[in-house]
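Structures for review follow.
Each of the next two complexes has chain A plus one other chain: chain B in the first, chain C in the second.
Moving on, here comes the complex of A and B:
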C-alpha cells in the first residue's frame, strides 16, 4: 500500500524531529552544558550534599517560574511576585515573632494574603481591563511601600524554627548529613501537579486563551475567570516560594527584590513565548534551574554577582528575539508531486496503532 | 487552456516584456496555481479575473517577488528572472500596487514617493529637488489635484492609491500590477484611476489588472486571463468575449449536482430556536423561527445585520429587546458560555480571529468548547473527535498539527468539529464556506444535510446566493438591520437580491454582491457599478485586507 509506505517514510525522522521541533529543546541542551561547565570547574559540585544545597537554593525560583508560567502562557505578566515574596516573609516574621505555636496560623494567613493579591491582580486586569503589565507593576509598588510603611523601614520579629525548616531542612538523616530537602519534594510535587493541570481542560483553555482569547470566548470559555485563576496560581506559588526563601535565607529588607524579573527570565529561557499560547511548564521549570545553575557557574568563574541583571537582560531580549523568528511548519519530510492522488492522508485516530513500516 | 492571440487593431502584437511559463505554486502541500502561462506586453492592460481563491493574488505575488514559484519559469526581456523580494522586482521595473498601501500618512507625497532613496545634497535630503521631481511626475501623468508637499494622510483613498502608482512610476516601472485598485474607491474616484491607467498605457507601461468589476475590465483592459481553482481557463482579447461569457467562464460550474439534494424524509419538526421581536443597537424587530431538521437562510448584504443576529443569539452582543426561545423556553443569554449550555453552536464568520487558536493543535482546538464549558466530561466526550474529523475528511498529517498550517477548508473543518462534538440542537453557520475550496464547500453542504437529518436546526448566514437558494428550506432576507421579507425554498437569486437591496431604491448603487450572483444574472451588472465582494484568500493564506463594506 503506497499510503502506508509514505506514512512510514514520514515517521522515521520522528524522534530527532520531535526533540528539535519543540521550541524548548534549547533549554534542556543549555542546562546540560551549564552543568557540565560547573562540574569541570568544580568536580565536588556533583556530590550529593552540594547538589542538595543547590536544589534548596534553586527551589524558590523554580516555584516562582511555575506561577509566572501560568500567567505568561495566558498572555499576561505578573510583576508583583518579587514584592509579594518580600511582603510575605516580612509578614511572617512580624506575626510569628518567634512564637512556635503561631507557625501554622501565620502560614494560613500568608496563603490567604497571596491568593488575595492574585485575585486583585486578576480582577483588575480582566474586569477593569487594565493591562497586566500596569496592574502588577502597581501592585509591586503598593506592596513594596505598604510593607515598609508597616514595618517602619526595617523588618522586625523573627521566623520560627518550624517555619524555617521548610526551606532549610529535609527528610531522612539529621542536619549536617545528607538529607532529602523538603524544598526538593515540594518542587517535585508542585511540578507534577502543574504539568497535570496543563493537560486538564483548564490548562488547555488557559493555553487557548493565551493564543486567541476571542476564539476562546466564542467557544464558551469564561476568559476573565480563566486568566484570574492564573493570577491566583501565581500568588499561591509566590507564597510557597516565600516560605522556602524565608527558611533558607531568613528575613532581610531586600528579600524578594527583583525576583519577578528573574522568574520571567527563567520562564522565557524555557521557551515560553511572551504574549501567551506557547510553551510548557516543565520547560519553564528547566529554565529556572538553568538560570540558577548559570549563576552558580558565574560564582565559580569568580564573576561578580552584579553581572546577573545584565545577563538576565540579555537572556530576555535574546529569547524573545529568537521566538519572533518565524518557525517553519514541521511537516512534509518528502516533497510529493502535487498531482499525486492523495497529497496526505486523513487524520488517523490517535488510538489506532500505526501500520507497521513496509520493509 | 486556450491562448487566443489578440487581433484588435488598437493593440498590435508586440513582444512581451514578461513571460510566465508553466508557473505553479503550492502552500503546505495545497496546490494553488498550476501551469500558468502569461505574456505581459508593453502598452497593454491585462486583466486577471477569477472567483475568490482562484489564485489571482498568488500569481500577482509571484510576479511581485513576494512568493517564489514552485514550478515554471519567468523571463523578463528574454532573460530568466527570479525576484527574491518585492524590492528586487521593483528595481528591474516590476512594481505592484497592493490593496494595502505602504504609505506613511504623516509624511508628504514627495517623501513617500522617494522613501528610502531620497535625493541628497551635502549629505542632507534635498527636499527641493524631491518636490520638483515629484511635481514633474505628477504633471506628466496629468494629475492636477495632488501636490508634492501634501500630507498623505490628508488625501482621499483614491489619491493615496495614485501616490502608490506614482511611486511605482518613479522607479521607471515597465510593468505595474494593481490588485483590485478600485475596491476601496467611490464611483467618482474611479474615473481618476481610469485616466491614470490610460496615460500609463500610452507611455508603454504594461499593466496587470486584478479586478472583480466586470464593467471596468471591459472598459479598460485589452486582454483577459481567467483563473479558476488555480488553473488558467482562458486568455483572450477583450473584444472576443462578452461579459456573459466571461462570467460563465469564471464560475464555470454546473449548479445542479453541486449542492447535495435534500433527503425527502427530512421534514421540519418542533421549533428549536425562536426570536420574537429582538433588537439592539444593530438590529431591530427581528422575528424568526428555526425548526428541527430545517435550514433557514439569513440572506442580505454585508452590514445588513446578519452577523449581529448571530452574535445576539449567541450572547456575544446580546439583544436588549424581545425574547429568545430555545426549545420553547425563554433564555436570556449574555455569554457564549450560556449559549453553549443551552445547546447552541456558532461557526463564526472570521475563522482565524474568532474561531481558532491558530498556534494550538487540531485536537486542542477541536476540544476547546468541551474543555471550556464542560470540563468534567470533556475527556470522555473528546474521544469522538478523531471520528468526527475523519468523517469530515480533514486532511492533515496528524491531530497534533497546529491549525495555522492547514488550508482554509481544513481549518473550517476543525471549527465544525469543535461544535459537532458538543451535539448542538441549533447551529448557526455564519458564512461557513467563505474562503474555502470547492471540496471543503461540498463537505459543509453535506454536513448541513446530515445535521438536519439528525434533527438539528440550522441557521445559515451567507452572502453566496447560489448556496442560499440551493440549501435553504426558507430564506429570510435582511436589510438595514431588519427583516425585509421571507422567501420560500427554490426562490431565484434575483428575487433574493432585489429584496436585499430594496430594488429600485437608490441604495442599489452601492450594493456589494458576490460574483457568483452575477453568474446567473450578468445583466444586473449595469445596475451594480460598485460590485465588489469580501476578501477571500486562497486557503492557508492570511486575508490581507478587511472586509470591504460598500455602504456609506
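Moving on, here comes the complex of A and C:
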C-alpha cells in the first residue's frame, strides 16, 4: 500500500541517520574494516578454530573494557586495573601452588580481593574527595610494590589446570578440536548483564551521575555510593579478566602491565566520552574487540613490533577525532523534519543518546 | 562537557574577597607545610639510624632528584591548569635526549645547536599535542597518549640503544655543583620562577587559569581558548625537552629507554601533590616545586634508610593518596572552588554576589 511504501521510504534515511548519529558508529565501521583487512590478508582467519583462538585472546580486554566503562561513564578513571590483574594472577599462582583442591577457594579469595581494591578506590575517591586519577594511580603503585614485596620480585607457585581451563578450555568437543571457549561464554554473559544493568535504574543513575553529578545529587541519587559501586564493578571485572589472562597466558612478572591504558583506549575508541555521561557498554566492548583485531592485523601485516605503538597512536587519535568532529555537519545534511532536538539523534525519543543502537 | 564537579552543596554565600585570598594562599602554604613536616620526620628517622640527613652528599642527591622531575612537573602544571593533561612527556624526554645527543655528536662547538634542535623538536611535539586537542577536539588523555605512542614507535624502531654523545662541556649541566647545589637544580628553579611570572604577571597566564576554570566562559569572555591550550602544551613539551637535555648530559649520551621511568604519571602526581587541581583552573608552579620536593625528600629518605625498593612503591602510592586526601578537604571547600569562574550549570542563587557574576549568567549556552 501507499502508506507502507511511504513508511519504508521514510525508514531508510532514518536508519542511516540512526547509525551515523550515535557517536559510537565509527567503532563498528572500524571493526568491520579491520576484520575485512585481516580476512583479505589471511582468509584462514575466518575458520572457526582461529576465530575462537582470537576470541580467547581478546576476551580479557573486552571484560576489562566493561569494568572500565562503568567507571568512565560515571566520570572517573581506573588506572589500577592493570596492576590489579597482575596482582591477582600472582596471588592465584602463589596460593594455589598447583593444588587442584585450592582452585575454588583461591578464586573466592581473588574475588574478595578485587572487590576490596574496588571498594578502597571508590571510597577514597568519593568520600576523601581525592581525584580518581590520583587514587587509582596510587593504588597502582601500591599493588605493584606490594605484590613484588610479597613474592620477593618474581612470581612463585603454579596455576592449577582447573584454574587455567577458564582461559584456555572450552565446552563441547575435546581439546584440539573445535570448542566453544569458556571465555566467549563469559564475555557474552557479562556483556548482556552489563547492557541490562545500564538499562536498570542503577545504570541510569550512573549515567546521570557522570553527566552532571551535582544535578544527580539534587535529584536524590546517592552519588558517592553510585560511583563506589562502579569501582566495585571495575574490580570485579578485573578479577574475571585476571582469571582468563592467567589461564590463557600463565604467570609472569609482567602480566597486566600497561593494560589500564589499553582498556581506557578501548573504551574511548568505542565512543565513550572521558568525563562521563555518554556512551554504551556494547560500543566499549566493540572498541576492545577492534583494538585486539588491530593488533592481529599488525601481526598479519608483519609490521615490525616496534612500529606498532606508532600505528596504534595514529589510529586512536584519528578515530577519536573523527568521532568528535564531523557529527554536526553530517546531521544537518540529512536533516529531515526540523526536529533539531539538540545534539541528540532525532530518532530516539527526547532522551539523550545513552544507548546508541547496539548494532 | 560533563565534568566531575564535586558534590559539595552550594555555598551559603560568596565569601568576602579577603577570606578568599587567604584560602588561596593557603593551598601552596599547606604544600610547604607538608614538605617541612615530611622533612622533619625524615631527619628524625635518619637521625635514629645514626645518620645525618643534611650531609653534603645526601642534600646533593636530594636536589639532583628534584631537577629532572622538576622540569617535567613544571611543564605539566601549565597543561593541568588548562584542564588538559600530558601523558607524552616521558617520550618527549627520551626523544629530546636523543635529538640533543646525536646533534651534538661529541663536538663542543655544536652544543648550542644540539640544545636548539632538542628544544625545537620538543616545541613541535607540544604544538601537535595542542592542535590535536584544541582543533580536532580529541580528549587530552587520548591525544597525548596517542602522540606518546607514536614517539615510542619511532624511538623503538630507530634507536636500539644509546645514541649520540655529549661533549664534556655540556656534561657539566648534569654534574657541576655549586656547593651542594647542582647547576641543574638552579636552572630548574630559574624555570620555575619564569613559570610563576608567566602565570601571575602576564595575560597568557591569566588566560590559562580562565581556560582551565571554564572553557565556555573563557571563550565568551573573548579569550582565544585554543591558543592558550596550544601555548600550555608547547611550554610543557619545552620543559620536558630541557629534562631530556639534562638526561643526555648525565648519561653523556641519548637514551631512548628513559620513557620507562614513569615520568608522565610521576609528574602528574607531583603537580597534584603541589595543590593544583586536576580539574584545572587553580594551582601554582610554586606548589608544584613543593610537590616535587616532597617526592624527592621521600625518595632520599627511603634510600638513606635502605628500604626495599618494592616497599618504596607501596609507601609512595599510599603517601600520594593520603597527601592529596588531606588537602582535598580544603580545596574542595565550596567557598574556595567558586573563587574563579563559577561552573555555569551550578548557578546557585547566590551567584550574583560573586565577582564573576555577569559571566556566570551567560554560561548556560
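Throughout what follows, the second predicted complex is superposed on the first by the 292 of 359 C-alpha atoms of A that agree within 3 Å, B and C clash if a C-alpha of one lies under 4 Å from a C-alpha of the other, contacts with A are read in each partner's own complex, and residues count from 1 in each chain.
Please note the rule applied: a contact is a pair of C-beta atoms (placed from the backbone, for glycine too) under 8 Å apart; a residue touches a chain by one contact, two chains touch by 3 or more.
These numbers come from a predicted model, not from an experiment.
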{"item": "Partner chain(s) touched by A:170 [first = chain B, second = chain C, both, neither]", "value": "neither"}
{"item": "Chain C versus chain B, contacts on chain A by residue", "value": "C"}
{"item": "Which superposed partner A:200 touches (first chain B, second chain C, both, neither)", "value": "first"}
{"item": "Partner chain in contact with A:220 - chain B first, chain C second, else both or neither", "value": "first"}
{"item": "Which of chain B and chain C A:312 touches, first, second, both or neither", "value": "second"}
{"item": "Which of chain B and chain C A:277 touches, first, second, both or neither", "value": "both"}
{"item": "Touched partner set for A:122, first chain B, second chain C, both or neither", "value": "neither"}
{"item": "Partner chain in contact with A:155 - chain B first, chain C second, else both or neither", "value": "neither"}
{"item": "Chain B/chain C common contact set on chain A", "value": "211-212, 214-215, 217, 277-278"}
{"item": "Complex contact set, residues of chain C against chain A", "value": "1-7, 132, 136-139, 141-143, 145-154, 156-157, 265, 268-269, 272, 278-279, 308, 310-318, 320-321, 324-325, 328-329, 332, 345-346"}
{"item": "Touch list for chain A against partner chain B, complex", "value": "10, 200-202, 204-205, 207-208, 211-212, 214-222, 277-278, 329, 331-332, 336, 338, 343-351"}
{"item": "Sites on chain B touched by chain A in the complex", "value": "24, 26, 28-31, 34, 314, 316, 335-337, 339-341, 346, 348, 353-360, 362-365, 367-373, 375, 378-379, 383, 386-387, 389-390, 393-399, 401-402, 404-405, 418"}
{"item": "Chain A to chain C touching residues, read off their complex", "value": "75-76, 79, 124, 128-135, 137-142, 144-146, 148-149, 153, 210-215, 217, 223-224, 261, 264-265, 268, 273-278, 304, 306-314, 316-317, 320-321, 324-325"}
